[in-house]
């Protein structure tokens, strides 16, 4: 398990820079929004929490196709499946590695990008909290999508199609926390829901992912 | 050339449904925006043209990694490079196939998605016109990005990073046309600029792409 | 030679599960489908003609109330089609009957069309009633999400070559998707209290749905249910034939 | 310790490929699978390794004992030779990699990225992975592809050492390996006829 | 028609691999490249095919005449055998694919998706592609990997026919192909020593 | 013939039209695909029979 985590992190750091790229994508999407929507700062500050959450979600999504596909192509997954490690654990570790290389940097960078979009001052704390709570769920759900589509060549887009509707509850509650935070409203309820989703997903999803992966390896 | 176009289209139709997926992604991004920014329809209708352009751009981007990477992995590009077909022409044909399978469906679907975001009635025509003019440029520029990153395993994210800044001018003028159209302002100037960019890019970019690809094949 | 007369067919299959045999299923569906086609057609015709021509206008909604005969049955079927797919997926996972996996596959496109009809008629209805084609009302929104689930489900079937692998994976997706669809429903409710509730409840409560509207609606719903049934039976038959063609071709290639 | 296969039938793409394969392999024995292209060797090896389900028949003594190696050998081109081996050693809980490095003369290549190796060098690394798994049954699909004569001899020696230590090996190949002591099993006689149906995943449709 | 190579040096990863290779190949001749793993055969073939630049030296008569085939043979797993061949035939402006289908006995596989072929069948398809290019110089990197004895003979026959028709072939391999008429060229003597610098891309830093 | 739909005629008629088009397309495509599958199967079964 530790070996797998270490290896995945090493690969992310080395191979084409999996580490910084999610971040860079997040940055670029956030920067492109004003170009698309127009530069009115009052408008931007209203949509800022939502756009930041969306940007983080898309950045997460885009890096998902590295999660399993590479290991599939070069046969690593075949070998892992015949190894003593239970597949559920292996997938959870892979999701963890994905979160560390993608989700965590996003959480840390979000406040900076908030400045670009005129996020109200009261919103920063809640934005970070909601992202920190929500992004692990994104990684775990994403692993499920990756496991479903791992046999499909360049399944990237198909995976997005499968994963995005699954992201809806996380996005709604996450963005709601950030939005309420930014406008100074109470955030307990959506925060609790968000935490509940994340916990539930971490506890149950790896079994679904492992089942899907086993079918694909067959 | 015709053989290449036919093959690319056949592959897009068969392998994992390259055809509908760009569209589905566009749909999903558009649907997720309200979850992020909240359901106020007046707010949504203000940001609609920009968001639709951004969504189309991202859908385009996400399907770029199928453009060359698959052909690279199985050695097709090596063989094409040693074939009688000039590489520039081959890349232009590939960009065309990409546009037919991705850009064109986006143009046709955009008005429907406009309904979801409460796009003002006057905006539909200009949205479609600007997308029809702009998306070919997105495909051609994307081919350049794909050619640059073709050697990098799972270069998807890296490619986004390289391509997104190149998309900025197209996005700015395209979204400007759509936005002005929606608010009933004059659209000539940005429309001309958009057309100019597209033509220039189609005329010149294939040479840059072919050069980049040659370096990568070496 | 069609599949149906390949093997002698027992007169009365011994249990429900014996219909899981593709040959028996084909024989059975060939027998009941003509009647079902007629029934579905008649119910639809009666329900819609009754509703369209022989019901009065609602005092508040005017003639738009006639849209209800399309909107409500299609919305009902859109949800029930997914539910049927869920059950069929479970049967496939637990008992591995090919027919049930193929039935789930066959139902999905029917479900999407029902969803689209509900969305389109709803949108057209919304224009005069709420002054907008679309609003981010929870019910409408969760329908849109359902539509996305359908799309993903169909795309996954299309993308995977091996039919058994595809059946397994889509079943897993259907299970997980159902959980998330319910979750989204609550999330969406929390996120926005919308228009639809008020507008529909006034008709939904017994006292508000006058019998004049209620009975033709029931007939129309029966028509949609029957249409769904016959379409799924027919499409399942098609899937079985395609699968058989594929199996025969695979063997042909190896001689 | 015995690997016993009884009346095994395997399928690919839903079509039965081999039918009624039975054999036993004891500690210290090796078996070479032969058969023309497309006869089903790869399919059978994948089934034994547990990567796909058999149509029918039984396999005993394989569970958690098999080290499988095929064309794609799970090497990361962005990791060095040493890192690649170490990773698999850790996953399989083995002690060290030095024996493997020595057996396939990878010393000079230790710090090279796996992606920069030549075809034969990469193959040697893939075979070295077998040694770090410490699994008793080696299941190998065309292991000597791209290897030169000297490396083939290295491989034969590694197999011999493995057998001497009580291991087993099951090898599909088209070329001569110089393993005189191994039994040869020709799958040709077990090929499924065109209308073999039993147990195929599409049996119900025939 | 002659392929002439003069004093060619090639490099991989910026490091010179082979130095001072010279030979001539005339219409109707074949040459087999030999050399231990990692000696630089692949690198040299890629250079001749124009896929990478030589460090120094000259290659004449190769331009637009070479059909190159290596391990990855440009086959789409989602297209059928026939569609794959037809595509390449059209790209190279060749007339039809029937000769190629016949030479490698692909008739029964014509309508199968390339992705469902076995290793050897896939290889046969990859080799059939050479015939539809109508190019005179075949440059082949380990072409007989995964082929059984019968298919190797098919391949040798295809090469012989190609030579008889005035073509040429340059083949890197570790195993015996049964092409007695071919010259053998051993690259070992041309291997670059550890301090061969001339022309390396990092020469300026040494 | 058509009842008086008042000012909402457009809405009602277009929703009926849209629904009918969608349903008709669904039925048409279903049946066309079914026919094709039936013919393909019959063809291959005939071939198999004649091959022995």
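Going by the order they are written in, the chains are A, B, C, D, E and F; count residues from 1 in each one.
One rule holds in what follows: contacts are C-beta pairs under 8 Å (C-beta built on N, C-alpha and C of every residue); 3 or more make two chains touch, one makes a residue touch a chain.
Here the structure is a predicted model, which is why all the values come from computation and not from measurement.
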**Per Cα centroids, the chain farthest from chain B** = D
**Prompt:** Any idea if chain D and chain E meet via the same residues, over half in common, or different ones?
**Reply:** same
**Message:** Centroid from C-alpha atoms only, then distance chain A to chain F, rounded to Å. What do you get?
**Reply:** 42
**Item:** Between chain F and chain B, distance of the C-alpha-averaged centres to the nearest whole Å
**Value:** 34
**Asked** Between chain C and chain F, what is the separation of their C-alpha centroids in Å?
**Response** 15
**Prompt:** Measuring from the mean C-alpha position of chain B to the mean C-alpha position of chain C, what distance in angstrom results?
**Reply:** 34
**Item:** Shared interface positions of chain B, touching two or more other chains
**Value:** 15-17, 21, 24, 28, 35, 153
**Message:** Give me the residue numbers in chain C that touch at least two other chains, ranges are fine.
**Reply:** 145, 148, 151-152, 155, 159, 191, 244, 248-249, 252, 254-255
**Request:** For chain D, jot down the residues that touch at least 2 other chains.
**Result:** 13, 71, 78
**Asked** Within the complex, which stretch of chain C touches chain F?
**Response** 1-3, 48, 52-53, 57, 62-64, 66-67, 70-71, 74, 109-110, 113, 116-117, 120-121, 124-125, 127-128, 227, 231, 234-235, 237-238, 241-242, 244-245, 248-249, 252, 255
**Complete:** Residue set of chain B touching chain C in the complex reads 16-17, 20-21, 24, 27-28, 31, 34-35, 39, 41, 44, 115-116, 118
**Complete:** Given the complex, residues on chain C that touch chain D span 21-22, 98, 162-164, 240, 243-244, 246-248, 250-252, 254-255
**Complete:** Residue set of chain B touching chain E in the complex reads 2-4, 7, 10-11, 14-15, 71, 73-76, 78-85, 217-218
**Asked** If you look only at chain D, which of its residues touch chain A in the complex?
**Response** 49-53, 64, 66-68, 70-76, 78-79, 83, 86-88, 90-93
